[in-house]
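Take a look at these structures.
Each of the two complexes below includes subunit A, the first together with subunit B, the second together with subunit C.
And then the complex of A and B:
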């Protein structure tokens, strides 16, 4: 696909500005009524979903030219999908996220690149992860755990740790805990260890399509060889790309794909995992974009006039993962759940995605602080989420704000609730 | 697509740009063409097939009234024009000249006060209707939300343009709710209209002294042609329901907890006369929180456009809908107590019985109740009107009696039917009025909506001839025709309406010596291009304009 393939989508923009707001029937206050970090931070219409579509149309029709300023606007977006969901509440014929992705690919094709993104892609090519960490150390997180090596053995459940969990020292206990929980439930779990690679989704989002396809091909062959019936990942980014991007690229993985929260929820409901420890805390839950609205599975493409597209093929976030994480919180003995105003399909982004955390850290942090403000407004004592990127930036924001709001990965909560000893974790 | 509107566009001078930067800061001004085009793409209610309007030379984001004043003064000094922009719905928000600084008021986004006792809110331009309503509801109050939907700025519709909405039966019309405004005049001076200027609070839009509301706003509004409004007070109304309506899910999948004090009737009458009489009775009885005549087909194309396409192609189903449900009426009742809602319900049922009307009580059907409640209460489904073809436009009549508006609906339907048969617009079964009542049906409103796809050249080619045809019909029936914001139409009809635009031009001249305001939507006049209009229609228009033209002695005999 190319930008020009979406010209009808762009011409379809009625400029109603619904893309800037939480879907209107869910607006609950003045303070938390807006959904798009980019337009909220930078204010010109060009920074909204509609504005970027108009940029695309302007470029395609020769009214304006791509330059560094315009490319920066294109990149100052987390690709969180909130604009697309809001648009699709009302429209059938516009695929806003696809336009945003095509704009990025167009920028890359035209040579308008962000230095920080180039560094990520170089790291990816060199070390198979966007953090630039040594590939040889990717599997170190699992040292001492009785996990199968899928490079040598077959397994029932393939655990894909993801880049950030594999390398972020703060999250080391979480990823080990995730594996321990699966073992506790008696599952036959394998990992790729040092051979595990990035899912490639971040490369796709940055506009580097070829790299993404290579990684999809790599994982596809690995899954086939492992014989795994289930692929589970605690990384929301990876989950979304396995569920949507891979099948869209024709690389559908031949197994059930679950996010860690879905599998934990299943194990708890089946009684294979028991939560015993008390958690007398009031939580609020942050829906990661890539687990929620962007975690919707690939529904198939519609080749004809999109005005005639069936609702079932409209990607509006309805089939994202919303219940499993909430079920887990509610299964924690003594814990309570209070919702923020912007949740589920219309959740506010944490700020980390789309290469923003790397290229525009101030904007990323601003976005995360806004979310922490919203969490604090609920009166919750703690914030829980289910994505390593969200955990990272929300924890940093909470600390920067000196907010008394601990940020938990749901895996950590499950681990403690299950009573798995600390000494086993690290 | 055309790029013709860029032919005369020039970059802003360095000196003017520096001055703007000095006022709002580097981060809040842009002259980047792709950014500016974000303000030049204005397809909605735009009958120009190009859909691009003039590109501004710069866009600024002031954060205060003082900054707005300074930006306006800079425009005066540098021979530039300015155009205000709030939530930006519709073609009226964009520039009509080549040298316009677009003043995007997005950073002025606060609700400054909600005075519960005196029932008003003081707001800035970028507060949207949904935000104000959400906050008002927490205090047992509600605000008027216009038909263009909850994304729109209540300040904009109260001070600067129209203000029609389904809740008009209870909460009136945009400018009728205005309780004072802060007004940056075209030379940058500040004027406060109403009681707030005397330090008495924002309870009255007038005095002491002569009222300026008529000059400020008039009938349609000056759409930034007379300056910029930076805050205003708006009347709020009682909302005896919950502080928040709990809803799970988004629009079509939404499950709402419908308040117990709300009832919603879809009413149908056997013919026009009985509908008309019943609605007058409803007004006399002073019941209703929200009321409209909206075609059943409009509900279907909003919620299920695929279904309407099927129905349109099936003659029996077409007849069932377009004839069987033609004289329909929607009314929502809200009671402050069980007794009151029962009373209103009983009155409505009596009126229905007296006029052989039938009613479906929608709140009794949970799925329908969920869909329609927020749709009407917060006007949430309005952006879905774009689902059928991507765009719609409207043949506006001016506010008048309910009977006159029913006339306009029938005229609009007959014109549309012809264009549907030609394939010039989409088939919505032709009868598709947007009608509302004001203040217990003291007066009413009707727009004939038509649906089209701007990506279809045949549809684009229909827009201007249809526009003329609607105009001719309005003049022929002695109705105030269409939108007064179109400079082509203004030139045609002003002489038929007491030369009203001469007064607007004088007012503009008095307040705006440097012609700094973009007056394209207010008092400019340009010639219509009749090249796409059938000669006999043009001849008919010429005869009518000659017949109805005012002379120096007064109206035509």
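And then the complex of A and C:
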């Protein structure tokens, strides 16, 4: 696909600005009524979904040229998809996120690159992860755990840790815990260890599509060789890319793809995992974009007039993973759940996505602080989420704000509730 | 005055992209690239690394020289940040792929190099990853009347001379010549070091000069001598023969026999 494939989408924008707001029937207060971090932070139409479509159309039709300032506007966006979801409440014929992704690819092809993104891509090429950490250390998180090595043996469940979980020392306990929970439930689990690579989705979002395709190819062959029936990942980014991007690129993985919260929810419901420990805390839950609206599976492409497109092919964010994480919180003995105002497919982004965390850290942090404020407004005692990138930036924001709001990964909660955390410590 | 090294750097589509990123458009006689960023030709990166190593030992300065249209500032910045001191970009909208054959590229680069005199050493990659012609370096040397050494795996400078370890199919030979000279560098030199993000940001302060064609002492318009007559992807032909036999063992034996006859094994 190319920017020109979305010309009608861009021409169709009526500049109604719905892309800037939570769908009107879901707004609960003026304070948390906006949905797009970019327009909310920079407050100029160009920074909205609509503004970027106008930019795209202008570039495509040769009415303006790409320059550093325009490219910066294109990159100051987390690609959270909130604008698309809001737009699709009213419009059937605009795929806004796709336009944003095409704009990124256009910038990259034209050489308008962010040096921070180049560093991520170089890190990917050198070390197969976006953090630039040594490839040889990727599997260190699993040391001492009785997990199969899929490079040598076949397994039933392939556990894909993802880049951040593999290297972030603060999340080491979480990723080990995820594997321990699967083992506790008696599953036959394998990992690729040091041979595990990034899913490549971040490269796709940054506009480096060729790089993304290389990784999809690599993972596809690895999954085939493992013989796994299920691929499970605690990384929401990875989940979204496996469910949507890979099939769209023609690289559908030949197994069931689950996010960790979905598998845990299944194991709890089947009685294979029991939560015993009391958790007398009131939680609020942050929907990661890549698990929610961006985690909606690939529904198939539609050629022709999008006004004729069947609703089953319209990607409006409603088929993301929303219930499993909430079920898990509610399954924690003694725990309560109170919702924020912007939830599910119209959730506010944590700020980490789309290369913003790396290129515009202040913007990323501002976005996360906004979310922490929303969480605090609920009166919750803790914030739970299900994505390592969200955990990272929300935890940092909560700390910066000196907010008394611990940020938990749902895996950590499950680990403690199942009483495994104590065993692991012993 | 210290040693002045000029490194010629061509911007090419990332050669590490998957084959599906390259679309051969026969009607337009060009290859369209999708989803790939521009990068410095990897062999030119090797040349820059060789230059940085010389500078570390002998001192001096490095100028990065690139040529084309819409040159990516970010790509140049990253390369310069690795250890160059300045960049010069010969940039014009007319400098597209069709105009820039090896000869016209060499003519333009030689003219640009004359504006950078005095220089002691010109380094460039052995060939570019997109065209793989490997002619431009020698063309520039010819036009400037410089001695040229190709396929360097190690370059050292001392006492007004350059010593080059030159790659051969079964080892290497050492070639020495007086400066100024031009050396084309091979991958054996090693990858270009990766600059830190701080270094890349700091490199924005390094001098960068944009040169237009009318600034060069050449007669315009420049014309390509090479004409692309046709461009087509290679034809892939596959034939499938089924080996039939009563038992798997027999089939295996026949398969081995066929492979042997076809000189596959």
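Going forward, the second predicted complex is superposed on the first by the 421 of 426 C-alpha atoms of A that agree within 3 Å, B and C clash if a C-alpha of one lies under 4 Å from a C-alpha of the other, contacts with A are read in each partner's own complex, and residues count from 1 in each chain.
The definition used in the following text is that a contact is a pair of C-beta atoms (placed from the backbone, for glycine too) under 8 Å apart; a residue touches a chain by one contact, two chains touch by 3 or more.
As the structure is a prediction and not an experimental result, all values here were calculated from the model.
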Any idea whether subunit B or subunit C touches more of subunit A? B
In the overlay, answer first, second, both or neither for which of subunit B and subunit C A:17 touches. first
Have a look at where A:213 lands relative to subunit B and subunit C in the superposition and call it first, second, both or neither. second
A:64 in the overlay: touching subunit B, subunit C, both, or neither? Say first, second, both or neither. first
With both complexes overlaid on chain A, does A:51 touch subunit B (first), subunit C (second), both or neither? first
Name the contact category of A:111: first (subunit B only), second (subunit C only), both, or neither. second
On subunit A, positions contacted by subunit B and by subunit C: none
What does subunit B use to touch subunit A in their complex? 1, 3, 6, 27-28, 30, 32-35, 37-39, 41-44, 51-52, 55, 59, 61, 87-89, 104, 106-107, 111, 127-128, 130-132, 134-135, 149-151, 244, 247, 250-254, 256, 305-306, 309, 374, 378-381, 383-384, 386-391, 453-455
Interface residues, subunit A side, partner subunit C - complex: 2, 68, 105, 108-116, 118-119, 121-122, 125-126, 207-211, 213-214, 217
For the complex, which residues does subunit C have touching subunit A? 11, 14, 16-18, 20-21, 33-38, 70-75, 77-78, 194, 197, 200-201
Using the touch definition up top, name the residues of subunit A that touch subunit B in the complex. 8, 11-18, 20-21, 23-30, 33, 42-46, 50-51, 54-55, 57-59, 61-66, 69-70, 73, 85, 89-93, 307-308, 310-311, 316, 318, 345-346
